[in-house]
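Alright, structures below, take your time with them.
Each of the next two complexes has chain A plus one more chain, namely chain B in the first and chain C in the second.
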Partner chain A sequence: MKEKVSRRKFLGVSTATAAGAVAAAAVVAGIGGYLGGQAMAPPREVVKTETVPVTKRIKTGYIYVGPVGDFGWTHAHDLGRKWADQQFGNVESSYIESVPEAESAGAIENLIRQGADLVITTSFGFMDPTAEVAAKYPDKYFVHISGYRSGAAGNAPKNMSSAFAEFYQLYYLNGLAAGAVTETGVVGYVAAHPIPEVIRHINAFVLGANYSYKRRTGRNIKAYVNWLFSWFDPGKTRQAATALVEESNADVLAFTEDSPTTLQVAEEYTTQKGRRVWSFSHYGDMRQYGPNAHLTGQIVHWGPIYLEFYRMVATGTWQSVDIWTRIGDYMPFRWRQPVDKSTMGNVDGTLQMAPLAPQVPSEWQQLIKARYEEMKELLFEPFSVEGNDGVPIRDQAGEARISGNQRADRDMLWNMNWFVEYIESELPKV
Partner chain B sequence: MRLPRGIRIERRLELPRRTSAALSAVFILLSFLVASAVFEMMGVNSVRTLSTVVSVFLSPPSLLQAVQRGLPIGLAALGLSIAFRMNFWNIGAEGQIYMGMFAATGMVLIHAYYGLIPEPLLMLSMVLAAFIVGGAYCLLPGFLRGRLDVNEILPTLMLNYVATLFVDFLVYGPWRDPQGFSFPLSIPFPQYARMDSFLGHSSYLGLLIMVVIAFLVYGLMQRTTLGFEMRVVGQNLEAARYAGISIFRTLLIGSFIAGGLAGIGGFTLVSGLIGRLRPRASPGYGYTAIIVAFLAGLNPWLIIPAAVFFGGLLVAGETIQAALNLPFAAVQVFQAIIFIMIIVAEFIKRYRVSIRI
Partner chain C sequence: MSLVAVEWIESVLIGAVQAGTVFLIASLGEIYAERSGVLNLGMEGMMIVGAAVSFIVTNALGHGYAILAVLLAGLLLGLAHSFLTVSLRLNQIVVGLAITILGLGLGGLLGNAAIRRGIILFLNPEAPERNLIVQEAEKLPDIPIPFLRDIPVLGGMFFRQNGLVYLSLILAIVMWFILFKTRFGLSLRSVGENPAMSDAMGINVFRIRYISMVVCGMLGALAGSYLFIGYQPFWVEGMTQGRGFIALALVILATWNPLRAILGAYLFGGVEALQFRLQVLGVAAQLPQFLLMLPYIVTIATLVLLSLESVRKRIGVPASLGKPYSRE
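Let's turn to the complex of A and B:
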């Protein structure tokens, strides 16, 4: 016992000595360096200064709905977290994964108890709990991904922001590629839940596919949708994707589900079953899961959004915002470029259109790039008459939803509960 | 079942209560030891990890969280303690929780849209509705068992999926919040329909409800003729028949109460934890309740600490992820080790294993 205490004391003393020595050395070296710098610096030359930390060290916590290894939604958020951490440097981040929605309020409070200054919750179902906890801790900051409640929108406390990286433009461009390669004239979509976000993506994809297919053949595209009622269900996805190929004769499969299963199914058809079927990357780069069936895709980079919130919290310049990024947002240079200099295919702000398969005919590659560039300045809108090759966009009942020079506005995009006329499947009754 | 030669398994007589409790405690400690070994193998400091787990039960805010998550589990387990004593193997607490959530939300909607229930009575009506609808949902398998001698395990299990999909249908369809951008959510509950309107945290009211119900369940099972009849039905059907007990009636009442209590668990989930109805709202609490009921030896008083213990494990799972950067898979391994040890302890309590060569 005695021995232990003395040893501990010894360690303490030696640590203190060592620390003292390091500090003293640093002071000496600092003064020396300063004087040396003064002496050696030629006049009028700018002296390189050390960066003075004006920001405080922050702690951030993330709540994930799935496992970080899902290769889809949560994986993308975790990559964003790592990127923002690395860029920012002076931050310590942690996360809780696979949080059920019923338990999310407790999990958020748990992160606050661990000392988090900023909590980022990354699933729609976490919206209300985030707002509730935000009201309880007015001196902490909260960001909710993919919802509609924020201080800026006026339906949540001021210390809560909302953010989302929106895909409908990319889905439209993916649709253009799909319509350019389909042989059967049928495209399929494996869809998670019939909510506006997913419906908007399906419609955008089908509009794009119809545009290029109609230009090619003069006929309208046919589209079928199979619902999963789940965000992550590889087993059900396999069934749904197979049914789209076998029963509906689709040869391009888009999807909203957090695994690469649909792409794997397409790959199996293409390489093993002698049937050309295309699919996409969704949220993450999934090319390794279907190198022969990968047409293009939608990839997200959450990092720049997270970094912005880190900066706000660290510098005390918080402002509640409602961020909804499209092509152009967070891009260092967001002006339209000529087609041959298009940045399509690169990481661009928060979004990335996955590289186009070389089988897409070059005139369609050109058009896709041109549209991509136009969208940087929001010059082209998929949900417009122009996006539908000059004719009004009609729903399945034949009612014109967009005509003349109308473009979809926020309310239409956020509340979309109708299918475009080219979709054969019914929208689940609401 | 065929066993290797020399190993024999035989049923034990009832163990003394103290021995049984001691066995449970020993196995929970053992599970902590095994978990430490696993953590060490992963290169994680097991002492720090386990002390983080223990700290959840010592700090008031996280203990409140533990109680809150233990509420649906504990209430469903209280119902199961009745069912299992009747030898009625209800695997359907999950579905009954969903029906309870459906009924409680229904009351809020009736109040919000038609103004039929006065504000002060709303919460009470939600509890009652959850009890009645959850109970009614368990009547069907009870009826099938009592009248047609259909084993209850499959019907109760499969009705879980029916209940989940029924709630899906409501929130995707007629009960969808008109201001909710078409997302599958009911309208948010008003503050007076939330359990945290009482003393600021839903755990207080929830604990009160749990204690009152544990008291009622204890009284029912130990002090009333009906409870006696239920126990006889569970222990010896022939004896029950001989004694002139109406097995059908007993089964119906018992399964109704069991389902009803799980329904109240559903009420605590929407009113306490979430504040609105949403698809897939219960992350399997009805299944966890089965383990809790057994850990407590079907004793209603012990179910409360057992449920809080399991609620605490859920909170601890988050804490060790956030504080120690452990992946969720490690948390699952940890929780699974505890589950397995509890099941092993139950087995040893019931059976004697002897090896003779």
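Let's turn to the complex of A and C:
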């Protein structure tokens, strides 16, 4: 009810103002036609422009690749949608779930025909169809998640933006925790597909694990990766996680896959088979699936990104952007805090580090928090010599990829196709 | 052979049985359907409904009722299939695919957070709050069999598993016996060979096909419930990931024989288990993808063999597979 009142009030205010100020009326694009009569006034009468708080009611549509369900990638996007809707208020949003990539263009056009002003597509495979439809409807707005095409990047129409919430910093911090608790000195990773996003997450995790393990023991960590070649398959994931524990002796298992299966397997080993195995949360809080095996994890909150696009569209201030959020972005307070006041573990901006298990020794808890705080100001970068405890980061062939005071730049992160030297498994060629 | 190698092989074989049982149960059902002349392409849908039902009912009432509910769901799906294909004589391929699509949708619907909450509360108003929310359910307990469980390798494979694994093996033997050693089995096979002749001999073709399809539906759903409560108890929409269709390929590989299906199922399951263990060993990273193809290559090779008339005769491929029967 509150929304309706404010909307009516807004209409009253803007109409009154527009009678005197033609320029202001022009800003109110949505009701421009409505005011056509008043706009006949001679231009010299415009003596000043007033800024009117303008938000029009917008319609947004989302295209999801999977079922909304109550878990995983699509669920996280749907939580983001609900959050942005609730924050913004004056919006009507809808979604189409489980859209196959081949049918996405039709689904996007469907939403446009239903009156959507803004369409948000949330899977990598939707990128080209989104750009095609964007070219066809220049007066509508499009946001694509997890791709690289946008007006800002110059490879898509101006009414298309791209966005992503990036996890590699959190994976590095997760790795620090892993290296701090591993007894065997071996960590495992169940990974979906060998694409740059997953590869940089694996590398970041292993770099972190090596940092703390080497500080503890003086030895390098060993890491094994099992590829599923699928975004989700609980059955295969069970085999992959089991193989990592039994064949490589890993006692910490990270994963990029759309179910908490790895955490469930770790819980089974820990509580039933007398073997301490740790795992993580991924995308959502998974603690309930492995209360005894949960070390920490990576959680995403898409809402703030969506809210920003709502605002742009509603106020007519659209600008094509390429958003790639890291720790610090969208946080209400972006300054580094002292360790004892660290906001790590809170919902903060678009990313959240899942709560750290108390078994992580306190000195490492301190370091992890310190790094988290430093990353708010980008004072620390995992892919740097500092992130690798003072030695250059080498790939499996021994070639130094990052040395001196180099840091990984966006291109390196986006195109990463090599494994750090501590990984024993081979990277499949795709 | 060193002890490490034995342990490695044992781990692969245990994984093969655990991953393969879902294929075994499903293919046993499919063998009966196809032996009677009905091609059931709805296996994937029956499986996912079984998985969804076992997920929900386990959280409401526990494993026992879950299995009963799964069998009932499978029975209904089998009845629906046979009504459409046997009584109405609709195209079996179309009906089968329709049941797969229906099953995938129904599974998603049942698994939906709000709906499953409602069903669980309806079945058991006292269900703990956690059971209403989580996407997992209690896994079937392993029941180690005294003495036998200590046999090297075989003990781990066959005698330290859960009840559904044991049941699948017993079923394979019993169903083989019925199919090849009893009068009913003979009737079933003859219906699949030549329904008109069987009819003339006084066999009730429709009844046999209904029975086979219902058995197939029940086992398809049971296979899905194994995938969930017996193997990896986490619910995701579409979690069967094509396993129903793999079971169809397996039926061909097993040449419509329940005992050969055991071997075939563990071969398919073994591929699932082996690929990750080889990855850890660092055997060429491309190999997993090749391994994933292997069962299909073997299946195609089997099909090629079956195209030979002499082989077909000897194995007894159901000659009327996929053909609706009507009395002239």
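Operating definition for what follows: the second predicted complex is superposed on the first by the 375 of 430 C-alpha atoms of A that agree within 3 Å, B and C clash if a C-alpha of one lies under 4 Å from a C-alpha of the other, contacts with A are read in each partner's own complex, and residues count from 1 in each chain.
Throughout what follows, a residue touches a chain if its C-beta (ideal position, glycine included) is under 8 Å from a C-beta of that chain, and two chains touch if they have at least 3 such contacts.
From a predicted model like this one, the values you see are computed outputs, not experimental measurements.
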Chain A as common anchor, with chain B and chain C clashing or fitting: clash
First (chain B), second (chain C), both or neither touched by A:Phe229: both
Touched partner set for A:Glu363, first chain B, second chain C, both or neither: neither
Chain B versus chain C as contact partner of A:Glu132, first or second or both or neither: first
Which superposed partner A:Asp389 touches (first chain B, second chain C, both, neither): neither
Touched partner set for A:Pro428, first chain B, second chain C, both or neither: both
Partner chain in contact with A:Pro67 - chain B first, chain C second, else both or neither: both
Partner chain(s) touched by A:Asp409 [first = chain B, second = chain C, both, neither]: neither
Superposition clash, chain B versus chain C, among 94-102, 148-156, 166-174 or 256-264: 148-156
Overlap of chain C and chain B interfaces on chain A (superposed complexes): 67, 98, 229, 428-429
List of chain A residues in touch with chain C within their complex: 66-67, 69-72, 98, 224-227, 229-230, 232-240, 242-244, 246-248, 258-261, 264, 288-289, 424-429
In the complex, chain B residues that touch chain A: 59, 61-62, 65, 68-69, 168, 172-173, 176, 181-184, 188, 269, 273-276, 278-283, 314-315, 318-319, 321-323, 325, 327-329
Contact footprint of chain A on chain C as seen in their complex: 8, 11, 15, 19, 22, 108, 111-113, 130, 133-136, 227, 231-234, 236-239, 241, 243, 272-273, 275-277, 279-282, 284-286, 288-289, 292
Complex contact set, residues of chain A against chain B: 61, 67-68, 94-103, 105-107, 109-111, 113-114, 116, 124-125, 128-129, 132, 148, 193-196, 229, 414-417, 428-430
